[in-house]
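In what comes next, chain A is part of two complexes: it sits with chain B in the first one and with chain C in the second one.
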Partner chain A sequence: MSDSKKFIVSHAPFWHNGSSVSERHFNMIAAALPAVLFGLTQYGGPALAVIAFSVSTAMIWEMLLSAAMKRPQTVTDGSAALIGLLFAMLLPASSPWWLVLTGTFVSVVVGKMIFGGIGGNPFHPALLGYGILLVSWGDYFDFNEALRNYDLGFDMLYPLWSVKFFGPDAVAHFSAWDLLAGQQIGGIGATFGIGLIAGGLYLIARGFVRWEIPASFLAGVFVTAFIFHAAAPDRYAGPLFHLFTGYTLLGAFFLAPEDSSSPVNFIPMLIYGAGAGMLTMLIRNIGVYVDGVVFAVILMNIANPLIDKIRPKAIGKVA
Partner chain B sequence: MRKKSFLSLSSPRLDYRNFAGLPGEPELLPPPKALTLHHPGRFRPAKAGLNIGDRVRRGQRLAIYEEQKEGVICPATGTVSAVGPFIGDLGRPYTAVTIAVEPDGEADDESAGAAGSLDLETAGRFFASLPGAPDFSVFFDSETPIRTLLVSGVDADLFVATNQYAVRRWPKEIKKGLSALSEVLSLERSVLALPGDIVQNYASVGATETVGVSPEYPSGIPRLVALAAMGEPLPAGDSMAEAGIAFMTAEAVAAIGRTVGTGRPPAEKIVTVINKDGGKRLVSVVIGTPIRHILDAAGIVVEEGDRIILGGPMTGTAVYSVDHPVTPATDALMIQAGKDIVKTSDYPCINCGECNRACPVNIQVNMLARFLEAGKYEEAEDLYELDACIDCGLCSFVCVSRIPIFQYIRLAKYELNRIRSIEEEEHE
Partner chain C sequence: MGDYILLAISCILINNILLAQYLGNCPFLGTSKKMETAVGMSMAVVFVLVMAGVITWIVNNYILVKFDLVYLRTIAFILVIASLVQFVEMFLKKSIPTLYAGLGIFLPLITTNCAVMGVCLINVNEEYTFVQALVTSFSYAVGFGLALILFAGVRERIILARVPRPLQDTSIGLVTAGVLSLAFFAFKGWV
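And then the complex of A and B:
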């Protein structure tokens, strides 16, 4: 045994459970793929172009910003790709290139990088990008208008738009099963409920998403929609309709539980999820926007640091 | 590295039983040619009462610096070949004494005499460097009178089987040690903590109480053993001594029992040797034996880039040299192959909250880590309960960003202690 051997000296613990940031993000991307692939079969080439352009520009923005800020390149961790993918999943298939480019700029640069990169963002970056674009160029997010050249063999009116302006009777022909199976128009990756639920359950089972947030979010939507429906069934659609339309499922499993902008303690997670679900329904039913998921989650993102203060006392701590 | 399971619906579980099967009787290693003893205290050549060339005998108490109450019992007969400084973990200063061992050298009977007429002073002087390193300083320094002795028959870390071996093999010695200690220390309670599955067999070892400890890591960590024993948590920030509890391992109590019974302090330490592939065995070596000696005897070849750990995988200490000796507190020696080492990173926290869910004492680790990274140690303690931490290392184990959270915590505690002791000195 030679004395010149050098050993690695570091601090305990000497084991790690093997989890990593990139593993987490690549699994989230994989979990989103069923819904994305369904969107591609529905909307074809334009949808593929939007997704590819969104993912690639999101990654390029992150590379450029890392270089400009003279920080280590983090683009390989999958975070930017995930943001790009989720942003594209919210968009109509016919979105123009500049809308995607601006959206990923706002998402990655304004939503994430200027806060110090991964882990520092107070909002879900993709939601912030979508929210700012929705306020700026609302017309491009009108699904009825954006998808007017498609005929997929079912009602080509956006269900949430129909119910908002024509009441529940206008959407009575949508069965819950049709909605889950993607027989509705909407964002590229937001319409295939079965795929989103399967992906979300996969993430929960693998421990990449904390179950409390999706569960309480869906419960918040369900209960609030149920109350509205019970109070005025002729004006407000039932809870199942709201669970399976718009961005509800995408929001529950992929948007609300974003690590950096959501709480980590048990009770705060329930408050956060339920709050976002409730706000979603308030915006849908009495707000001006057709879908409320994006702004509901952004609002709860703002409240997150405060909510997350509700926590158990450490064992051994008195007073 | 222990991979997490594919499905992780529940929080991470590390079970002692998965790693803790008893590997049978320890292999007795012959004493090496040279031993190194780490005597606590900064090396002061002028004051050292021990010089190169001095003859020392097994069982003799080596008093290097006169004013110290604790001494080191010489584990073998021989000649002092070197005395020098050594800096241990967290900058703790030691005086390293190297002894060239004479095989079959005769023993000293100083400790035999001491064992005959036992009082606290002699117990402190003669027992503190026994295998298991019982800490007697708490009896001298504590302001709270210590009335409870907590003896841990479980091992704090995964894989380690040293204490479990002691409780299974030496119940008589433990009984003897307990009765001697109860008398000398005027204890009111002595609690023996044992693995939950064998606790009912130990009603007669002389402890006033026995308590079963859960097999799930980190319940063998001393402060959690105390929680199981006392039924309520120690106040955060208080040491065990401040809560009136003295903590010793079963191996230490057994060694005290043997000293009292035979008049000869045992010089052999039971060490769990954990190989690169996770295989393990017990060896019995003379305290002060260099790690190199154990590795040679066990046929373990270490390569460049491997990691040598004194202690277990979660709470041990990595050392940089195979010349590092086995100390009275070295329960395990673990060798980790370079390819199995997961490096920590400087990646930011992504706020996934895994650490919060892993923390056995409910510390808000995600926020704590942010304060520690920024060096805000006092705020970390005031706002995020740094002082409640029990040093189990689970937060680093589960960290997705691979932040060395446990290292930050230890550094923060060390710095806070340092600041406080400076402040106290200035106050006086």
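And then the complex of A and C:
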């Protein structure tokens, strides 16, 4: 594409192409639906309850805060619903109601509204809620324990937990295809790799998510996991395993490319994605937490304003 | 050598003086509104902290312990740190007046910066050798700078956002600092 084409502007009047904030959010919700529906078929009623409660409380918090701050109601733009949905996708199906309620409060009120609402949040709201709950009530995020009453006909141990405490041999029976097809336990909307990839590709094709961040995120995970695996194959699992377990795919397509907390320029986007991927693998392999996507993305959110300072030179500016 | 690198990583990331030990929060909130001041403050702290760490180590091991004056430790350390800060202040006033003006009250406040005093006392309590004390002082200061600069980057953006009036400025800064601290939980167990 030649740059000169960008500068051609035809005469007024113009026709609005219909894009809007709410269109964006509803498309992202639609893109997340395959993975969510798969989670619902696996975990049934409790999962539906968690998702419905999470989405509705997120919207209620936003309504209450908009009213308290005396600002126009923004709840209809779908942003709160999207945050609630993404937050519920991270949770195990057995989460108690107060956990969901606290989580959506932290996500919407602390993560988004007090920073000035949509577009002002420096961190991904859903991740902030999840991070605070993980640090406060870590026991509820132990997927083995949380989902012990389920028997879905495959190995009911959380793959990342097994690999962390028993080494790669414990997960050798997971084939990459099984993991992609959702034959693993995990968050409600985080296990169905094919659905997440399809939704992500839809978002990229429609232009709601730039391809640079997911691609560099997955590349960062792959390369770092490959290096660890090559250095000590008996201690660290291979790159494909890490690509398709835990929150990797959800993080790559839905969490890392959040609008206001990710960079806007080409090179910063690559650094941001690759950094989040690398940090994810470092936390998984040498940290204390079983999955690193959440903290890795929050850390890169924090670094985002600094990374985004790498920008193309203004045209015509001298030195 | 490997031990020193691990020690440095531990001081910069895992036991970050600001975000894991919660020392030195006044300059953290005070100088982080502009990137320029934040960078200047980080440099000043690196300088003061390395000098203070080294000198207090020498003072402690060759004067206080030798002459059985350990009960004077706090006062002796304060004296060393205060004179160092005075020195930095005179230097900055003379050579970089803009930075001196930008730092304002926070430069003399390094005297009472708990991070500086804290690191000196940690060095003594952990009974580090001289080289270890040098490494920890430097890496704690780098950790301070890292946290401060990251925080300043985020805060420069928050100033542009429509934060509700009761939460503006320091309140939202404290919330953000909490999130930074939360994010640094990620480094738990790295060493």
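Just so we're on the same page, the second predicted complex is superposed on the first by the 302 of 319 C-alpha atoms of A that agree within 3 Å, B and C clash if a C-alpha of one lies under 4 Å from a C-alpha of the other, contacts with A are read in each partner's own complex, and residues count from 1 in each chain.
The rule is short, and it goes like this: contacts are C-beta pairs under 8 Å (C-beta built on N, C-alpha and C of every residue); 3 or more make two chains touch, one makes a residue touch a chain.
None of these values were measured; they are calculated from a predicted model.
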{"item": "First, second, both or neither for A:117, with chain B first and chain C second", "value": "both"}
{"item": "Which of chain B and chain C A:205 touches, first, second, both or neither", "value": "first"}
{"item": "Touched partner set for A:132, first chain B, second chain C, both or neither", "value": "second"}
{"item": "Superposition-derived comparison: chain B or chain C, residues of chain A touched", "value": "B"}
{"item": "Touched partner set for A:56, first chain B, second chain C, both or neither", "value": "neither"}
{"item": "Which of chain B and chain C A:287 touches, first, second, both or neither", "value": "second"}
{"item": "Chain B versus chain C as contact partner of A:144, first or second or both or neither", "value": "neither"}
{"item": "First (chain B), second (chain C), both or neither touched by A:314", "value": "first"}
{"item": "Residues of chain A contacting chain B in one complex and chain C in the other", "value": "116-117, 119-120"}
{"item": "Residues on chain A engaged by chain C in the complex (per definition of touch)", "value": "69, 110, 114-117, 119-120, 122-123, 128, 131-132, 135, 279, 282-283, 286-289, 292, 295-296, 298-299, 302-306"}
{"item": "Of chain B, residues touching chain A in the complex", "value": "1-4, 6-9, 12, 223, 227, 233-236, 292, 295-296, 301-309, 311, 313-322, 334, 336, 338, 341-344, 347-354, 356-357, 360-364, 366, 385, 388, 393-394, 396-402, 404, 406-407, 410"}
{"item": "Touching residues (chain side chain C, partner chain A) in the complex", "value": "149-150, 153-154, 156-158, 160-164, 167, 172, 175-176, 179-180, 182-183, 185-190"}
{"item": "Residues of chain A touching chain B in the complex", "value": "1, 5-21, 24, 74, 116-120, 204-207, 210, 259-260, 262-265, 311-318"}
